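For clarity, chains are labelled A, B, C and D in written order, and residue numbers in each chain start from 1.
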Amino acid sequence: MQHNLDNSAVRDLYAAAGFAGRVGWGERPAVLVIDMANAWADPDEMLGSDLSGVMDSILEVLASARRAELPIFFTTMAYDPELVEIGHVVQAKTPHSRLMIRGSDRVALLPELERQPHEPLIEKPRASAFYGTNLLATLISERVDTVIVVGCSTSGCIRSTCESAFNTNLRAIVPREAVGDRSPTAHASGLFDIDARFADVVDLTDVISHLDTLTARA
Amino acid sequence: MQHNLDNSAVRDLYAAAGFAGRVGWGERPAVLVIDMANAWADPDEMLGSDLSGVMDSILEVLASARRAELPIFFTTMAYDPELVEIGHVVQAKTPHSRLMIRGSDRVALLPELERQPHEPLIEKPRASAFYGTNLLATLISERVDTVIVVGCSTSGCIRSTCESAFNTNLRAIVPREAVGDRSPTAHASGLFDIDARFADVVDLTDVISHLDTLTARA
Amino acid sequence: MQHNLDNSAVRDLYAAAGFAGRVGWGERPAVLVIDMANAWADPDEMLGSDLSGVMDSILEVLASARRAELPIFFTTMAYDPELVEIGHVVQAKTPHSRLMIRGSDRVALLPELERQPHEPLIEKPRASAFYGTNLLATLISERVDTVIVVGCSTSGCIRSTCESAFNTNLRAIVPREAVGDRSPTAHASGLFDIDARFADVVDLTDVISHLDTLTARA
Amino acid sequence: MQHNLDNSAVRDLYAAAGFAGRVGWGERPAVLVIDMANAWADPDEMLGSDLSGVMDSILEVLASARRAELPIFFTTMAYDPELVEIGHVVQAKTPHSRLMIRGSDRVALLPELERQPHEPLIEKPRASAFYGTNLLATLISERVDTVIVVGCSTSGCIRSTCESAFNTNLRAIVPREAVGDRSPTAHASGLFDIDARFADVVDLTDVISHLDTLTARA
């Protein structure tokens, strides 16, 4: 009873049902770096796990994207200290949300990302980077038609962000080495589902190559 | 490498990470019947599978909900015959969407649901019943604070609809026997994920008992 | 105490306050034809007025847009016959909404528009063509960055649609002769406000010239 | 050529067209205080005007609402210092938006509002308090069905916020003395339009009386 990318029977079932086509690259990509803050990247945190390998891959994507002068956006989660902004249902189902206080170290981006002033940091209230934020309008302004989604967690915020991109006909590309999850099972399930329904899951090298082509063209 | 409700190690990991709390019942439930049309319920269809057991459970939920005089909403998917409304990304990733032509038999609700005139049929363009529709405003008008989500597919439209409900602080309740999926693996994974992140997955009898209490009170 | 395009004192006040800049043309326009159905265009209807001059201007825009092979979308309003989909607040504030029954003659597009099969007809539940519909995702799919907004009513659905376009950083252009309103006062006020806040209000001839340039280029 | 609340001919035209019904009070109100920051309330600012009378009325509403223990939300506008989050269209049409830098004095709430820690401050990117924010989900969580909208500007952010509330079937109530606008003409036009289309415009004393009833009941 498995559900992952190595399970060819499930893959065939999905292809026969009209899933898992390719969205491919558009003309104008942006990078979305999801939730690379202490709350997720510190293994001692409630939601945390060791994401050091993922971080190395993200840094490769960022270096290439900055050379190609692409728009880059970072997200974290943040609520008011009194937790009014979360809401009762979200608090009840996901008690970890109570830890995400605006301005705390826990939700601060990891410094090795070296976020630049023109790369906005978006405080999102839910899993998807698009829900309750102004991200979509900013992407439209920049004529972005493709989002490279990296960060964590594969089965949570990465999946939800890819679904929102898909819903609005933005092409989403997920370099598999640049997303992580506290559970290896959830990571594999998540990648399978994302590739079947919402985004192209590809090798990191394919993303870097494509971005380098854009740099060369510019 | 499993990811399902019987896997206690994964359950413990999620609970320790602050997932899988209980949302519980609110004061005013509604029923959302997702995509119980031929395209999904006819095993000969590209997306189809045998949902006869699921249908029996849905009919039980509907009978109880109608006795309690709760709002009930049905969904199907439907696009224009020229497929302009789908969009290129959605067509490319999920080619089955090209089959969902407005007005065709394929997207017609199954007659045994006996939809009543005051139970709206919503044509949704994406997996979530809330995306690109007027559903949320109608639920707010009816003072609904809880949605009972039934139909198909567990890992697709059921999951997405539960995520949207959660995002807006609506309590979502999923009676496990009343949702189905073409893949048993995806069904189990989907139920686990839904219960961990978005909604309470419960036994059908619990839902029926609760609705009968509401009827008795009225 | 006037509030219209001819009132230079008010114009100066707005310009000094940082309003009424120009958005200009983008690379890829689409046409949104708002609510040109009997409910609005038949003077005997509750909401109706004589829009024959407006219709002539719309037909000019459509002819040019079709020559340039631009995406074209039509809207109307439509609710279920039991009016559940409207909601109590919308019904209470705007009782005319109770007349907009899906499938009725009242909400059918005027035949002289000669809508083509690849030009979708969108049933919108509110004033803005973007609220509760899938329009934005379809525009993104078509790489549209500019919407030419025509139809009625200037102070209602035209204004709201322009605000939604502005919110998402789509350029909105309103050819003044191609929008109408039952009240001349509301028409003038509406055009002033739209031009100050959301969209460029321009002469019909400017729109036709621009579309003809696109045709010549193609 | 006037368009205001004293113009009975226009009022009659709107009533005959099925506008301007009453939404009335629901069971659970909240207060939305819109943009009472220096950028709008300091007459020396580009967007500013003298709002001291409006502020007195707002303080009355706040005092009553706090006695009744109602949810209260404040908004301001705020963008990143590099202005990436605004977008090209919004910058072009409304150049004043370039002044609204997150964390600056200009967008700080006026201290006499005495915002309490459990009264969230929402940074909104557009005129409506609901666009690109998490406000709706928070209101749903609190079972709010009525929003009392105060602040500025009547013809801009107040109108847009009322339209969003109406769209989602929330009852919106505007105490006329507690909203202001830099232009008296736009204020009068705005109140007329809001009352015709989206919200009940009422006297301040009516709002205070209603809130005092809620306090007495509690």
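Things to note:
Rule of thumb we're sticking to: a residue touches a chain if its C-beta (ideal position, glycine included) is under 8 Å from a C-beta of that chain, and two chains touch if they have at least 3 such contacts.
No experiment lies behind these values; they were computed from the predicted model shown.
With steps allowed only between chains in touch, the distance from chain B over to chain D comes to 1. The interface with the greater count of contacting C-beta pairs, when B-C is set against A-C, is B-C.
Chain geometry summary: the mean Cα position of chain C and that of chain D are 26 Å apart. Centre-to-centre separation of chain A and chain C, using mean CA positions: 36 Å.
With touch defined as above, residues shared between interfaces to two or more other chains in chain B number as follows: 87-90, 126, 131-132, 137-138, 140-141, 167, 169-170.
Interface residues of chain B, counted against chain D in their complex, comprise 136-138, 140-141, 143, 145, 167-170. Contact residues on chain B toward chain A in their complex (touch as defined above): 1-4, 7, 10, 13-14, 16-24, 46-47, 87-99, 126-128, 131-132, 155-156, 160, 163, 166-167, 169-171, 182-186, 188-189, 193, 197-199. The residues of chain B lying in touch with chain C in their complex are 71, 80-82, 84-90, 117-121, 125-126, 131-134, 137-138, 140-141.
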